[in-house]
Amino acid sequence: MAKPRAFHVADLPGVGPTALFVFAGLYAPILTLVIYSFNAAPSVATWDGFTFDWYVKAWNNDAVMNAAANSLIVATLAAILSTGLATLAALGTTRRPAFFGITAIYAAINQPLMVPEIVTAVALLIVVAAIKAATGYAGLGYLVVAHTAFCIPFAYLPIRARLEGMDLTLETAAADLYASPWQSFRFVTLPQLAPGILAGWMLAFVTSLDDVVITEFIKSPGQDTLPTYMLGQLRRAMTPDINALSAALLGLTLVLLSGFFLLSRRKS
Amino acid sequence: MAAPVISARNLVKAFGTGDFAVRALDTVSLDIQQGEFFTLLGPSGCGKTTLLRLFAGFEMPSAGTILLDGQDVTVLPPNRRPINTVFQSYALFPHLTVAENVGFALKMQGKPRAEIDETVAKMLALVRLEAMAGRKITQLSGGQQQRVALARALAPHPKVLLLDEPLSALDLKLRKEMQIELKRLQHETGITFIFVTHDQEEALTMSDRIAVMSAGKVQQVGTPKEIYTHPINRFVAAFIGETNFLDAVGETGGARLTTGDLIPVEGVLHGPVTVAIRPEQLRLVAPATAGAIAATVRDLVYFGTDTHCHMALVDGTALTARLQSPASGDIGLSIGDRVGVLPMPGAAQMLRD
Amino acid sequence: MSAAEQAQRAKTTRNAWLLVIPALVVLMAAAIGPLVLVLIYSFLTPGDYGNVVWSFSLDGWQKVVVERDIFDDSLHLAEAHLTIFWRSVSLSLVTTILSFFAGFPTAWFIATRPANQRAFWLFLITLPFWTNLLIRTFAINQIIRNEGLLNTILLHLGVISAPLQMTYTEGALLIGMVYVYLPLMVLPLYASLERFDLRLLEAAYDLYASRWQVLMRVVLPIARPGIVAGSILVFVPCLGAYVTPRILGGGKLMMLGNFIELQFGQGRNWPLGAAISIVLLVIVMAALLVYVRAINGEKRDG
């Protein structure tokens, strides 16, 4: 005899299986990619045993190392710059009475999230092409500035969230205890804001590291980052060393994101 | 009389503009003497916290001046006023230790390390938290946090200490302990305390003087006894303790109640007045006693130490007497009994409003 | 207001602007300002080797919808362009709908876990979202291409005798975009369901509602802001998608993003590319406006 199932108000038919199918569907392709980056055979059709060869091959490839260096330089600089700018902007837009122009400021800060990347990419292509023609400069500077701009909202969000959660009376107390505005910022606001700033930096770094479209449009010839290098390689065939690169990049993202989550959980 | 340590001169604080402006403070003037334990008492929204924030410098007044030792400090920023605050929420710095919190002001003032350490040790001893110096704020109980907040505000030895309902977050037992503790600290340091509370009992037991506030105005300033025994108006009489209010007409010799009875009252007002009598200032006597007001017992509520006797006068006016409970607990009355009510000499106050 | 109050207020506002200006300068230079140039370029004449010649022309805008025949100079509808427009819009809509049907049960599942487990499930959704879009597209490509895992398994099992052609079809684009953008649907849905008071369900069941009625009359109306937000968050990037159609569409099945790139690359028609970019931008802004109005309407109702 079938046992009548207990009634739970939160149960909706089919929710559990669908959700588990979604989670499986999200992770199966990524896990496959990671597993096959260790496959000795050059195709997913066969499994010829475990190997690190593809990682070694990627490591010894000058083009890959060059792209990796570019990626890290651009992401590091863009993350530092955007986090700095976002911190100032967050301090200017939180915990004070609304003032004229605040809506426009929000719109400007979030603009990179709203405008399709491809449109920003062609817009920057136009500007960069003009500057290149005028100055002849073809370095990483374009990428750093462009990445800084679109990383600002990503850095801004966690910093702003942290600031809004902070008790404004602490700064009042600091002022009451003879701290000048600068001392109050240095000894009270900044130490408490630090986890938010670090979290913002991490998100900005990951965002810069992941960018394909804008970089692809404004990079100078021969100046690849890891994603644009991988995109370029794909024109030919999907090679296992691209798998290895993807897995390595995935690992880096995982580490940074785990760090971000731990930081944002600690505040609550 | 010595010059006041801090004075408010016609302070006005308005929030909002135009038709929506609300006067949180309406032309307040006060003089607070050196070494006083001065309490600002009133219901929430009466302006007491706003006045405190103006004293501290957290907000600028819309009009008026603040004098500290005779000097105009109205627009001086808070970090340049020798006035410190104990916040309602304590506002202790969560990223600093107990000792770092207490030494914060001295560090900001650029005092040498040795002096800071010495003062911090002294302050922690004063609030009996020597053992907690290295602890994080989050590891302390509510009562301990309260003491750290006090030590932190006292450490730079301010001219005036402002306390914004500092005991409201504590449970009753701890609150009683801290009341005694605060009096001791004030006595030992000799610093002027300005204490904000809505708790009339707290105000009466702790203060040298009280300013009762309502609707942004100071209603009455005086010692606890003056405020309790001679309230200046109906608001003060109602806010401090319990009071019977009776409509009456003032005439030579006393106040004529609506029942026709005459109650002898000092200081004669003529015309329509309100008579205020504290319930514990009423005695019950036999119905026909000379000078007694006739009443009927309507309800008896037992409170332990005393019993509240709710009565109605002949025209229905309500009146409450508080009678001390005898050892048996039974005051020997029952509902429907006819009694005579006799105010004690000097107990009745005549109020114009 | 007294002079002191006014001075305090003015100082607060001035400080706010001083703090915000550095970020605004960078955003103006590298994000907002260049968009104005796109608008200007859409009205210029294409250069022979890319870029533009600085003379006014409506050719770019005209070419968005009509084509000039090379032989007889006659104008007719640019069917290739319209196909790309239609593909972009329809694929984006279908992706949004599919994402909702997969995302809603997922969000409900997470929201009904015990409070201490939710962060874990949420992390599982967030992780792919922050993972490189390119890598995720690679990953799905690994699975569905001719020599991919799915075909290999099916061949081994004998279910099929020749590999199924899945890549370079609109179906592949659909699978890829749902895979890539699904987290953007789940996150706002979760945010609106998380605050959902389960006692409302108890009340509804108590008042004789069936499961279906509970879902339609109680759960979905309350989750509406999340549904609107999630739909916009999926629809907007789909419409501008570039990487996913490039890899899974193999250069043949272009969407608006690839078409824009083509004009700035081999097509050498920057004004046309700029005009299409503006069209894309306008559609996206319209969608965002719908979103903002929906959210504001919600606030007024609540």
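For reference, chains read A, B and C in written order, and residue numbers begin at 1 within each chain.
Simple rule for what comes next: a residue touches a chain if its C-beta (ideal position, glycine included) is under 8 Å from a C-beta of that chain, and two chains touch if they have at least 3 such contacts.
These numbers come from a predicted model, not from an experiment.
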Keeping to the contact definition above, tell me which chains border both chain A and chain C. B
With centres defined from CA atoms, tell me which chain sits nearest the overall protein centre. A
Maximum centroid distance from chain A, chain identifier (CA atoms): B
Applying the document's contact definition, name the chain pair with more C-beta pairs in contact, B-C or A-B. A-B
Chain centres from averaged Cα atoms put chain A and chain C apart, in whole Å, by 17
Centre to centre, by mean C-alpha position, how many angstrom separate chain B and chain C? 61
Where the CA atoms of chain A average out and where those of chain B average out, how many Å apart are those spots? 56
Give every residue of chain C touching chain A within the complex, in rising order. 9, 12-13, 15-20, 22-24, 26-35, 37-38, 41, 51, 102-103, 105-106, 108-110, 112, 119, 121, 123-128, 130-136, 138-143, 145, 147-149, 152, 179, 182-183, 186, 198, 201-202, 205, 211, 215, 219, 236-237, 239-240, 242-243, 246-247, 256-257, 260-261, 264, 270, 273-274, 277, 280-281, 284-285, 288
The chain B residues in contact with chain A across the complex are 56-58, 77-80, 83-85, 87, 89, 91-95, 104-105, 107-109, 152-153, 156
How about chain B: which of its residues touch chain C in the complex? 14, 17, 60-63, 74-75
Which residues of chain A touch chain C once you look at their complex with the stated criterion? 9-16, 18-20, 22-23, 25-30, 32-33, 36, 43-45, 81, 85-86, 88-89, 91-93, 96-97, 99-101, 105, 108-109, 111-112, 114-120, 122-127, 129, 145-146, 148-150, 152, 156, 203, 206, 209-210, 212-213, 217, 227, 230-231, 234, 238, 242-243, 246, 249-250, 253-254, 257, 261, 265
As the complex stands, chain C meets chain B at residues 1-2, 4-5, 7-8
